[in-house]
Amino acid sequence: MSLKCLSCLLLFSVLLISGCGDNSEDKIKDIGQRSVKIVATTGMITDMVKNVGGERVSVTGLMGPGVDPHLYKASAGDVSRMREADIIFYNGLHLEGAMAELFEKMQSQKMTVAVTEGIAEEKLLSPPKFEGAHDPHVWFDVSLWMETAKTVRDALIDLDSASAALYKSNAGAYLEELKILHEYVVSRASEVSQEQRVLITAHDAFNYFGRAYGFDVRGLQGISTATEAGTADVRDLSSFIVERRIPAIFVESSVPRRTIEAVQAAVKSRGFDVKIGGELYSDAMGNPETPEGKYTGMVRHNIDTIVNALRGE
Amino acid sequence: MSGYDKNKKAVEVTDLTVAYREKPVLWDIDLNVPSGILMAIVGPNGAGKTTLLKSILGLIKPAAGQVLIYGRPYEEQRHTVGYVPQRGSVDWDFPTSVLDVVMMGRYGALGWIRRPGKKERLVAMEALRKVSMDNYAHRQISQLSGGQQQRVFLARALVQDASIYFMDEPFQGVDAKTERAIISLLKELRSAGKTVVVVHHDLQTVPEYFDWVTLLNVRSIASGPVDDVFNEDNLRLAYGGLVAFKSHEHREQVKN
Amino acid sequence: MGLGEILHNLVFDYTLRTVALGSGVLGVVSGALGAFAVLRRQSLLGDSVSHTALPGIAIAFLLTGAKSPLVMIIGAAVAGWAGTLLVMGIIKTTRIKSDSALGLVLSVFFGFGLVLLTFIQKMPNARQSGLETFLFGQATALMERDVIVMAVLGALAVITMLILWKEFKILSFDPEYGVTQGFPMRTVEVILTTVLVIAIVVGLQTVGVVLMSAMVVAPAAAARQWTDRLGLMIFLAALFGAIAGISGAVISSLTLRLPTGPTIVLCISAIVLVSMMLAPNRGLFWNWIRRWYNRRLLTLNAVLADMYELAKVHDDPSHAHPAATIEAMSYRTGGVRRSLDALEESGLVQRSRMDEWALTPKGMAEAEKVIKSMEVKT
């Protein structure tokens, strides 16, 4: 192919592709006649949006069960789904570490909502090692998660005011469910004595959980799974476990087991036997067909697993 | 000329053809090397001289042809064939000593896994003495001059105690002293009844050093005793008129 | 943390001991076997095998769904080998040379591996297998059983190398001659490559795919600076590899959140740098010193010779000349004053009045010697 021919073809393709930009204005106009197309990132957000949006919405979740949002890189397919969506919901607070630029770009084209934006700053945790950024794992405190539900409801009403009443009533019902859930967790937590309330997991995902329900929380890796744990981290953590005679530690579904198993081996070498109390759903939920595939099911599973293991059952 | 046995064929090559991407490098070569002579193989660049050697030694797979050593296929006669490759075929910066390289000539006899021991060391030192390199036995090969490198390769072939030796341009780029030492060694080998086939680059010394000569340029132009074959017509055929040839009389003078 | 405490931890802390042992084994095996790759001018092969292993790891996971490192090591080995065979095939059947073929296969396989990883990240429970940790390694997750597997495989590789020592030697130095000696050099090459693949694959968990090539090439490069003997070179390569491995493990244990794999690579790089600078004979540092010394000597001799010439013109050899005159005779005035001072210290010249210099009798004799040595021998 001659050079001239090639450059013509190139120019033509560029024009064609850029011409395929979405006409946002037209799309929004007819929103009343069709279902709202939504793209959500984590499973927890997807679940929430489905509950608040009800039949009015068609939600695509990008991150399935067992996927780590800290490291998730959007594929070309994801980007095109986002382009076609009417509204994008993500966690924010840098949970989706690899997608920050993408959200910024989408922001200029359509409603891109961080569900945590409604939470007042004083309610957020800012661990000292994380250099001024906030801990994004807010969903482990059910009361905080209730706030995000309100943000989602308000965003949907903003976009599709015609169905405001539906959204309000769905959100109301969901918030009731969450309130009951919160109480359940509190009550189960109280079954464990205060000194026994120590939760050790693969990464620092459970700080909000700890604050809300009175647990002392330690993770092997930091807030983000992108940082590798060092031998000093393993040594410190295993010393801590032996000192406090903690009966069980936990693996997470979205993080490799091997790091926690390494901690267990280190503890064993010090003559103490710590069990792996079970698998927790930290940054991702379970399989969609199972109860753990829903937010409520996931939270229940977590607290049940934790309490049963710490009580020695 | 020494009494060579015309009836005993040390090397017999028939119909050897080697092609590289449909370009023939050697075409339909027939070569007979009687036992107990010094033969030179000469020809212009790209004539296929090195290719011929490597094909005989099984290093290159020919498109057609057969090689017999004392009447048997080469693969059966490896132990009786010695090889001195071109100096440039290895990286002399390799971390090893002169003695080590010479002992490589015994690897074939040792077979798999067995390491060279005292016996091999003695044989190697003896070979080094023959090429006047025994003082350099533990020298790193990177510190050798061109002539010294050539002598090491020679010694390596000598320890094989072969009946036939193939050498690829052993006189290329060596000093006069080394050249004299090498030719004297070759003549010694011939006296002991060995056969030596040498790819040679210097036409002027062919009559002085060698008994037989093969003129090669993709095809075998001529092959036989130097007196019969090494003449102006054949050289012109082989080199295509690129050669200045000393007259017959002058050659006689040089020989005497 | 004091050295005593570090040593104590090295022996008694399970985690540090395990990681250090694993890294040490990695260093020894990849250092020793990598040396042969380096000697055969195939350093890029280490890089290629490491990178081509990535899709093998991903496919092993896809096929078996298993999270055990051993399965993925096998996948890595198969892919690494497949890549190498492909490279050899390309070299044999096309006009592409070995460095281009290696680079080509390396990038294609690695790219394919990354695509697979992106695809796999959507699958449930994929994260648990720790596939992404193979990119840069996760030494901290090493457990005793992992180290045992590494040690057994590594020992297999090293013992094979020791047994086939002379075969590997002749393969690396003069493979054609080896053929004429009756050795199937192709087979020996296959064995060497296999052993190298094992060495590389063993280390992937610790240092990761991206950086493993450093552990294959750097120890041998450093060792070459120190010796001209093959046996010693291989031993030193293994030693340097082990030192880098253990130091890397120790150093990364001293601070929180320092990744072990890259730290090990930094250690071996430091060793290479030191070797390049300070090794006797080849060390750059010594070369510079030698050159500087020679330059000084040359200037000294030149000044002596110039003064001799000056003295010859006058009948009185002790006639002093100002420094400027002497400087005018040499190409570079820079070293003249310094040389005059040095010569004065050795008693070869003397200062008469300020800035006027003459040869002493000793200096005359020395100058004659220098001039004689500079004459061309006929």
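Chains: A, B and C, in written order; residue numbering restarts at 1 for each.
Note that in this section contacts are C-beta pairs under 8 Å (C-beta built on N, C-alpha and C of every residue); 3 or more make two chains touch, one makes a residue touch a chain.
The shown structure was predicted, so the numbers you read here are calculated from the model rather than taken from an experiment.
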Graph separation of chain A and chain B (steps between touching chains): 2
Interface with more contacting C-beta pairs, comparing A-C to B-C: A-C
Whole-Å separation of chain centres (CA-atom averages), chain A against chain B: 77
Gap in Å, rounded to a whole number, between the CA centres of chain C and chain A: 46
Distance between the centres, which are taken as Cα means, of chain C and chain B, whole angstrom: 39
Touching residues (chain side chain C, partner chain B) in the complex: 39, 41, 163-167, 169-170, 172-174, 176-183, 224, 227-230, 233
Of all residues in chain B, those that touch chain C in their complex: 54, 57-59, 78-79, 81, 83, 85, 89-91, 94-97, 100-101, 104-105, 107-108, 110, 112-113, 115-116, 140, 142, 156
Complex interface listing, chain C residues touching chain A: 9, 13-16, 18-19, 67, 69, 118, 121-130, 132-133, 136, 138-144, 249, 252-260
Of chain A, residues touching chain C in the complex: 63-68, 71-73, 75, 222, 227-235, 238, 251, 253-259, 261-262, 265-266, 268-270, 284, 287
